[in-house]
Amino acid sequence: MAQVCILGGGFIGRFYADSLTGRRGKDQVSVVYARKEETAIRFAKDFQVAHYTTNMEEAIAHPATEFVVIALPNYLHEEAVMLCVKHKKAVLCTKPLGRTADEALRMTQACEKAGIFAGYLEDLCYTPKFLKSLKSIQSGALGRILWAKSRETHPGPHSDWFWDIQKAGGGAVLDLGCHCIEIARNFIGKDVKPVEVMCWADTQVKPIDAEDHAIGLVKYENGAIGQFEVSWTFRGGMDLRDEVMGTEGTIWINSFLRTGFEMFTSGAGKSYVAEKAESDSGWQFPVGDEAHELGYTNMFTDMFDAYEKGESPMETFYDGYVVNAIIDAAYRSAKTKLWEPVQLPEWRGQEGLSKPSVFQEYDADHWFIKEEILPNGDKKLILKVKATGEIIEKETWV
Amino acid sequence: MAQVCILGGGFIGRFYADSLTGRRGKDQVSVVYARKEETAIRFAKDFQVAHYTTNMEEAIAHPATEFVVIALPNYLHEEAVMLCVKHKKAVLCTKPLGRTADEALRMTQACEKAGIFAGYLEDLCYTPKFLKSLKSIQSGALGRILWAKSRETHPGPHSDWFWDIQKAGGGAVLDLGCHCIEIARNFIGKDVKPVEVMCWADTQVKPIDAEDHAIGLVKYENGAIGQFEVSWTFRGGMDLRDEVMGTEGTIWINSFLRTGFEMFTSGAGKSYVAEKAESDSGWQFPVGDEAHELGYTNMFTDMFDAYEKGESPMETFYDGYVVNAIIDAAYRSAKTKLWEPVQLPEWRGQEGLSKPSVFQEYDADHWFIKEEILPNGDKKLILKVKATGEIIEKETWV
Amino acid sequence: MAQVCILGGGFIGRFYADSLTGRRGKDQVSVVYARKEETAIRFAKDFQVAHYTTNMEEAIAHPATEFVVIALPNYLHEEAVMLCVKHKKAVLCTKPLGRTADEALRMTQACEKAGIFAGYLEDLCYTPKFLKSLKSIQSGALGRILWAKSRETHPGPHSDWFWDIQKAGGGAVLDLGCHCIEIARNFIGKDVKPVEVMCWADTQVKPIDAEDHAIGLVKYENGAIGQFEVSWTFRGGMDLRDEVMGTEGTIWINSFLRTGFEMFTSGAGKSYVAEKAESDSGWQFPVGDEAHELGYTNMFTDMFDAYEKGESPMETFYDGYVVNAIIDAAYRSAKTKLWEPVQLPEWRGQEGLSKPSVFQEYDADHWFIKEEILPNGDKKLILKVKATGEIIEKETWV
Amino acid sequence: MAQVCILGGGFIGRFYADSLTGRRGKDQVSVVYARKEETAIRFAKDFQVAHYTTNMEEAIAHPATEFVVIALPNYLHEEAVMLCVKHKKAVLCTKPLGRTADEALRMTQACEKAGIFAGYLEDLCYTPKFLKSLKSIQSGALGRILWAKSRETHPGPHSDWFWDIQKAGGGAVLDLGCHCIEIARNFIGKDVKPVEVMCWADTQVKPIDAEDHAIGLVKYENGAIGQFEVSWTFRGGMDLRDEVMGTEGTIWINSFLRTGFEMFTSGAGKSYVAEKAESDSGWQFPVGDEAHELGYTNMFTDMFDAYEKGESPMETFYDGYVVNAIIDAAYRSAKTKLWEPVQLPEWRGQEGLSKPSVFQEYDADHWFIKEEILPNGDKKLILKVKATGEIIEKETWV
């Protein structure tokens, strides 16, 4: 059983508490900290939390706190983590880990040095669809991964601090891209080194200093490409989709707007439909169990199980740091307009990979390119002559 | 915390155990009974169950048994329930409750007389999509419910006894129709009396005595219609879909084959994709977390929570009995080719409902029928003259 | 080149004219008849029609009329057809052919006796998806057809006369069921005799004498089942879906609301989205080319090509008559609550079919029932012992 | 009526001929040229073409040739166009227009100078879904366009010359990107200048010199972004999808693999399913009428109509040249890894656009950022203080 202290009583704190309670789980929220007392009181009441406080250190140090769950604005993550280090409490931090890789690396090293358990709350790497996809990919069903794209776009985040570049550390790339980057990284392989990043980012709609729309490409050492598409300007709800291309297959995941649940309503009997839905009449696309579909329940299960078994969780502070390093490169790229190298002073994966060969033998004299059946039933075989490099086709007419 | 004894080590018993363990739940499986010792041993090992036995009564009477979960073939349900009554253990029974309403009513009454908790394990009335739909419908988002269809078809069940009409008590209607009937009944309103049933059933493909395909209509006292479509002859996987029409809206649920998760694979790296999938290459449609999407986790949560609070669960033995009564009428109808009355010697809902009026006033002289915009932009208003009954249209040209 | 006279200047007449003109087709609309002069004038102007009139016989007899296309209310079909017979003009009649099979048979026989070309404008049996499905089914891709369901529901038709049971001859069954019945009949096989019909029909929402919602089952001589679901009370647009189950496969067609075209709009820049759409903001589901997707262009191509080649079109008056006979049985059934025989005084297909055998040999001693892979990788084979009828299973554990 | 000469008897030539004949069109194919005589003979027979030849100039100069349709490998386009110029024949050229913008500009200028009609056969800018989307966007339903993405990926093209970088002039970018670029350009606005391009391209799977996978971003002068994703390495069929984001809405188009037509087959009765489908058993996703859904029929309609009216078609050689200029920049970018300027020595659209303001007034003191309803019903309003730039939130609790 895990005794949890939640730092932060806002949107994400409530989502975490929802995921931890009310499911006949053996874990419980025992302490809550919020900056405003009224928020703390309301939270404690809504989720039956025994202790509440507006003093962060008090919350962390509280004897009823075994795990600290950081659900605070980005600019407070490092402070909160360092207090966990001080009080030797296991710590789980929401995404992104830091505003920069420097912050993230400091947190990672401090926790490792102190020997405390540190989990990175990257919920979208725990959705049921993601986990099953990852298993399929690891079993080889898609062959060698060529490209992994993840997209998260919606009409913008819930709280003021997200829109303030000082407090948040960035815009849509930091807020949403952290998910997309880690999803693609998992599919491509966590031990494959991200090498360089190209990113376009712009402020197209909102009156803010940070970007509200960005697209980025992350090149990995083995030639695979990760892609992220993020925006706070999307209309129509929250769009969460992933796509993977491999030499042997394809995966398409829709995690939110098209999950096999469709409702039309004239607007009678108004009620909450889904996170970031734009309307409560017309065609609606609710999600059955949002917290589960967004990965929260599997995430906490992995965290607490790993802790109890003395193992690493699937997503660690180190992963958060790699993600931050990729984001740092993305922000540099958005300014310099160059492919920017990913700076990873600490890298624990494979080194020196290269792109696999593209030559597949057809027979002693030819490399294979393709074969196909045409609409009228004709067959075509396309080959490359080894000796000359010439490309030839052999047709079989019906 | 619930201490659970599972009776039956087959497909559904394993699915129940999967749902109860490994999710950081506070409940545990403490006893397992199976007819064959090797099955019991394997089950106990796979799910870390402390006690196993091939003696059903011993399992039920075991001190480590607080809840009995019946995951046995249909012809053994009554015997198992009566042993729970004898030993005063809370009992949860898989679907269908009985082979007939008579059996189901005897079980219901025996449990009520003994004062034991009795829950009906109708998992598909606990799927995340179902629960959210039910909430929307109850909030009025669909207005008055006119029709609720539920479809479950797949290439046939897992165990020999399903195909034996003596042991199962029926074919696809009993096996799958029980889900569909209860889904529609929930959407229409559990306190609305099912009045009569028309059912077509046939053995189209399989060499068995029971039906392998059936379609039925259930008429409710308020004029609403429930529809079930069930088959063991479907090709392409397991098709689980519900549709609801109301005066103010529509719901379409796809619970299995199209849930926003699509995979193409050449067949490399073969692995389990989904329950009743027919192939492991080509386009696949896995479900993220099958047990959750099929309602198992929410179902046990409701059962144990209700027990601890001293309340009724959402699905009770009484509900199972009403479903069996509708199925009995369906089987009679399939033979007599008549609309057969639903015989409910015990009915606890509303009585004497009738169909609501279809007259909606447009103005003092007219009833409203419809208004529409045509492709060229013209507008049409269609009305019924109160005085004469004449139907008229008023057109506005662009 | 076909010179066409359109009778009727309403919704369907305009749709027909749209399909015939503006596509670089060699056919043209040369004459139009409408009951009201203003409608005729507007139609002639919108579609560049040389001649217009409010006299039906004059339109039919007109020298510029080679083909007569009847786009009139149901109660005028027979009169119009008889005038075509009188003037020996090729005739194409909209659906349903008659209000009853009697009317339809009289029209069929009159045209045949007069030797004029008579085509039945059943557009939904000409949609691109329908035609490709039919070809797949005829090639054997689905094996033996077990069940074919067609659904058409929307918020109600465009003109006053539809809602008047005297003029229309019926309600949703006649208006929409005629499509669904002929679709299923094509998939099952046009030469397979429809034997009996069970139909539920009710007036649930609209203040009219005819039914606004109905569901029917049509049993064919070979044991196959056709199903229709029709309604004028559906909310959310126009729902056009077909489903087919065969021993070797499945087809699912969505012809309107989900065709791979999705749009969200705040409502800015209002414009026509789709036939029977309910709103112009929120999520919309337009169809690319409505007239083509609804089969109109392929339908006229088949009609005129067949005429020029001296062949029968795919859909003839005889087909319209069979559909009417099935509808007649459906209306009787809705009243008597019995399976009503389809009365076909004239039947030109096969006679004396029966249901195929369900016995498929596994080995010398067993009939085959099923084999399956379970979630944990176990394999199950289910067989019936020929000698005893006993059902057994063979399990292979991982 | 148009008399058409088709140059090229391969895959695309046949698709064009299919689209031109057999639909009761008034246009006809009167001459065909192919490099090999057997191909020319077969083509003439299959499509009832009166004249065939293996001499290109003879075909163009033929008196039965009014329109020349170029369906030849890329390296022959310029030669064919110049012969049309010489013989003053109207010319329609398949995509891409040139291998480079230089080639394309020469062709464009030669035709304009000669005063001959020149149409660019960009079929995917004529699909029914595209045309309806374009109309919606032009009506303002999506507001200001922020981003337009088009994706075309499949397992590789049909003929040997595509795979030969000398003959084709490039790989997937030239073959598929030309579609994607022009689709996005239409949605963003054809008179908005494309400014610079960033492209990643690699040869990941095939043993060829050109790229088999690429992703590109095209920045327009008004700040809008076009995106293309192209590949010859995709598994699962042909993936054709477009997405558009605007300030007021969203469009998602799926033109091929998910169009509301789904079929499962065991593989019985094998037949052609769809262009570039990978298998004929399991789940299949056919397209109803491929030629129509891919835009061919609308494209020729526009071309011939425009010619007869003395107008420009929707897609001209000038458009083909702009596309080539963007592709040239993409290829430079793939090598230099820089954002490369689009070089348009000839530009006929708007100049000097800039990105619109992001400031939307909420009240005298605040800029508007966002408002939202949270899961528990709370409301949040996020604003920017004009005077200070501070971002604030106002919460309304339930």
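Quick notes
The chains carry the letters A, B, C and D, assigned in the order they are written, with residues numbered from 1 in each.
The definition used in the following text is that a residue touches a chain if its C-beta (ideal position, glycine included) is under 8 Å from a C-beta of that chain, and two chains touch if they have at least 3 such contacts.
None of the values given here were measured: they were computed from a predicted structure.
Least step count on the touch graph, subunit B to subunit D: 1. Set against one another, B-C and A-C show the most C-beta pairs in contact at B-C. Subunit B and subunit C have CA centres that are 33 Å apart. Mean C-alpha position of subunit C lies 35 Å from that of subunit D.
Centroid to centroid, with C-alpha atoms defining each point, subunit A and subunit C lie 48 Å apart. Residue positions 235-236, 248-250, 264-266 of subunit D each touch two or more of the other chains.
Contact residues on subunit C toward subunit D in their complex (touch as defined above): 23-27, 127-129, 131-133, 135-136, 139-143, 248-255, 258-271, 286-289, 292-293, 297-298, 300-301, 304-305. Contact residues of subunit D toward subunit A in the complex are 11, 14-15, 42, 46, 146-147, 153, 155-156, 158-161, 163-164, 198, 200, 202-208, 213, 215, 217, 219, 223, 225, 227, 231, 233-236, 245-250, 272, 275-276, 290, 337-339, 355, 358-360, 367-370, 372-377, 380, 382, 384, 390-393, 397. Within the complex, the subunit D residues that touch subunit B are 235-237, 264-266, 278-279, 281-285.
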